[in-house]
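In the two complexes below, chain A is the common chain; its partner is chain B in one and chain C in the other.
Moving on to the complex of A and B:
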């Protein structure tokens, strides 16, 4: 019998080989759906290639322009404008959704009559297809639409605000739609976290004389830290990609007033057809978002160690 | 440092009555164990004392003051949870300081109190450790310290040892009893483990099916169970209980135990009580520890079923199923399976119960 040490090493190698063989189909799949398009994107981003050229994308090297696309995007004011609007949407919508979701989740920790009904109603916006939600809000914000109708009723004046044609109000309307649709997700995740807070710890804190506010800050918030970061990370990433609802409501207009990064990329892809440039923008954004995600994950891992 | 009085305490959950009229008085600095099988209402009683649940009817008085409507944070009750409910995301120090900070004590006072209690409970070396990874006996001390720091009037402990492995329980029991003596706190301890109740409590309140069965010192409850439930529940192994019929013999009143034969004559006082009570069908009880075992002689005749040798003592099992007897004997006792022996209970240890009511028939002491 060989010494056990050698045997273990041999078995380890054997096991690793088996593992490799078992995961091979998945690895090939990942190669095709993730790695290959990424490399293709990188390749095209270094050229002036466009589908109008009539040549296949693999011959894009004939239009090689080095890093010109990347230097171009630094001076693209429309791109920076779109990025800025995307950040505005993120900075307004995510905190709003978070605070509303947290408040609702706290309310739902206790029992009250009709809780199940309210729960179902609250989750409904999340189930609506974003494009459909877009049409709903498109209708709601028409100058003769229900929003103005309600405002007229409340103020007693004849309100005829042209929401979707005013550059500022259009962005506000788009953000309201986003908050309406995604607060439920925040609510759901945070409620799951709050329900998981150990009941006896809350009771122990109460018996020690802690008020509700003290319990919230010292027990509940630290306990749902991880969940909280996950919820925020999901919404930050998602709000960066805001598209369907917005595109149907305003199409990015009036002018470029509601043109976010997704809308801009969509337009450049389908209208201007400069795919080399599009590839460069998309790659930069992908890297930026990845860095953001990794940072969030690191914070989460750290929080996980503490909680 | 408070007396607790429970007056006609009742708790129902819908149609289910968890506690049926409980009356109990717990003295200042006393350690009382609420003992009973699960579902007997002991935890419900404790939760009502703590204010986590409101009684359906009846009153809870602390030092004569009615606690109805006093929220749990204001009752001055220290509560040690079954799993200790330590705030695992905080350090030991933060756990200890939680109560004082919640009450808004000035920082200097909080620090002084934490230092004092940590020193007393030997928690000073781990004050700045995260409490998530502490061993269970430190968690117990921390749980007690966290409640004790705000000087509660009474301490409630909800089966704190049930998650501890058996080997360590003895250590924890000793430590808990020691702490109780040091604090001289009124303590109410809920448990289903009679060993915990017997070793630690000044008095035991035995409960079953929402009814308080007996209150007394561990020895009282052990020696003079008021009914069959208490007799069966207290003691390991429990009391031997054999159904029989009273029979007059030429040597006095005895019990006809069927297959086991006739019991030795009852002691005069017990015989008198049995005659007075007028019962015919009785249950004859004696502790497995208090018997004389012989090959021949007076007593119950039974065949040895099997023998458990557990070191310090030997448990001899007689008979089968519903008419089984257990005898605790010396470790060196030589008996063989199948052998028929005479079991003579020590006269003073014999107890009689009325078969119909389950109540003890008591002779004048």
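Moving on to the complex of A and C:
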């Protein structure tokens, strides 16, 4: 833009108009995918409509049932089971990924021969298509597969555990796959944070006789607090959506043993086809997540201001 | 800093362990892709890590060749699903990058669209599962079900937040002096954007596009819900690749999995230094 002295009303108007035009397509797409669908979802959620009705969704009012879907979901034990399982997966996987990622990141803080190659290899799992990763672990956990093969080799026994058809072990297998795929993300983000820790501070602390543990807690940890929060927030939110790997590995089974919230919604959508009810569940989840998002955004904005 | 021998030994031991755990699943699938049918489900003492009789049969099989009398030829080959995944991901990336880059520039330079950061962050955080009912109804109404262009449209919208945030951080960092010089020369604002800014941003544009492409290529759920037969994507096709007639087609699926896994891994390594920026929405840079 021209030096402020020569700024004219015309340039101002030109810029405002161009800015509006440039942001317009995105605004339209947001309206198209968020605002209109949410209103539709709200409407359908107040009815008993299903695609099997043979009438268009706009005529769903003929099947109006008020808030029945919302009261139904309170007593839906399968839904609560799925929600609980999602939280179990989250509570095991996110801390595991975090600790493993942090451990690796600490090892990669300074230079050593082979660092770049090892770094690239360790990041690979997060780039593998999740559905393909699901298939990899499906093969690994077959009763005649390599996991049992390795266990047999280590124990000297003939191990033939049917991982994916045991309710508890299936959940364990699914969590192992998630940890395999997403530990690299924690490693990547945490390492980016740790690299920013000023070396002279660490050196000074070392000269003053601080042990490695002390340096870690007093210098590194506070410096990477923002990074920690961001990394954890991303994984918490993503693990709530867990679907691809899990669905390929177990399809939510055996029974409902690995049925998480996304798998549950998928099944009710495509098999039971009670869309009015699904819309109600989806809306409740969206509202809950929106509140969390706004809180997290504030946190991130505050953190960004400091950095 | 700390370079004691025990520490170095410990470091290499831990890294070796991490590398092994990282690579075993990938290598197992890669090795399976080259195993003949007799070795697919070998187990116990017969468990083979490396194919004893390596073959390209699995690749030939998924593209429709009769490779063994043991399993019937596929009536639907992998060619069309690969094409579907490619078209949907490429055009989805184009949509996301065009809209996202324009909006990012509008916000970065002129402060337009102040609502976009929050709106797009929410869009990125929503589980796709939770908005799929209206999307399925809308897509059916618009005749977009089971088409690569219908998928491209939803992919473009789902990955728009990433394109927007990546490009916004790049525009924010770009020095404004060159643009200002061109303005003094008398170029219009829009011409400056098209003729000066965008060409200067070629590298960031390419990295962002690759990042967005990886995300689009990785989708499974949306393809599962919005395609049925003609234009199923690779993961959807792969999951349907076994039947009661054939049983698990381990080798064939592994071959297809390998084909699906290679492009994002290569692109991901190429844009390694921008991964943190993309994943954290620019809150962090490497």
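Worth a mention:
The working rule: the second predicted complex is superposed on the first by the 268 of 307 C-alpha atoms of A that agree within 3 Å, B and C clash if a C-alpha of one lies under 4 Å from a C-alpha of the other, contacts with A are read in each partner's own complex, and residues count from 1 in each chain.
Here is the rule we go by: a residue touches a chain if its C-beta (ideal position, glycine included) is under 8 Å from a C-beta of that chain, and two chains touch if they have at least 3 such contacts.
Bear in mind the structure is a predicted one, so any value in this text is a computation, not a measurement.
Bringing the complexes onto one copy of chain A puts chain B beside chain C with no clash.
Applying the stated contact rule after C-alpha superposition, one finds that A:94 touches neither chain B nor chain C. In the superposition on chain A, contact is made by A:145 with chain C only, not with chain B. Judged by the touch definition given at the top, the superposed model places A:274 against neither chain B nor chain C. When both complexes are overlaid on chain A, the residue A:206 reaches chain B and chain C alike.
In the superposition on chain A, A:218 makes contact with chain B only, not with chain C. Shared-chain residue A:170: touches no atom of chain B or chain C. In the superposed model, A:266 makes contact with chain C only, not with chain B. Between chain B and chain C, C touches the greater number of residues of chain A. Superposition on the common chain places the nearest Cα atoms of chain B and chain C 9 Å from each other. Overlap of the chain B and chain C contact sets on chain A: residues 203, 206. Of all residues in chain A, those touching chain C in their complex are 1-2, 11, 14-16, 18-23, 25-27, 29-30, 32-34, 36-38, 40-41, 44, 51, 57, 103-104, 107, 110, 112, 118, 120-133, 135-137, 139-140, 142-146, 148-149, 152, 158, 160, 180, 184-185, 188-189, 192-193, 195, 199, 202-203, 206, 212, 226-227, 230-231, 234, 237, 240-241, 243-244, 247-248, 261-262, 265-266, 269-270, 275, 278-279, 282-283, 285-286, 289-290, 293-294, 297, 300, 303-304. Remark: chain A residues 198, 200-201, 203-211, 214, 218-219, 222-223, 306-307 touch chain B in the complex. Partner chain A is touched in their complex by these residues of chain C: 1-2, 8, 11, 14-15, 18-19, 21-26, 28-29, 32, 41-44, 47, 49, 98-100, 102-103, 105-107, 109-113, 116, 118-123, 125-138, 154, 156-157, 160, 164, 176, 179-180, 183-184, 188-190, 193, 214, 217-218, 220-221, 224-225, 234-235, 238-239, 250, 253-254, 257, 260-261, 264-265, 267-269, 272, 275-276, 279-280, 283-286. The residues of chain B lying in touch with chain A in their complex are 50, 52, 72-74, 77-79, 81-83, 85-87, 89, 98-99, 102-103, 130, 146-147, 150.
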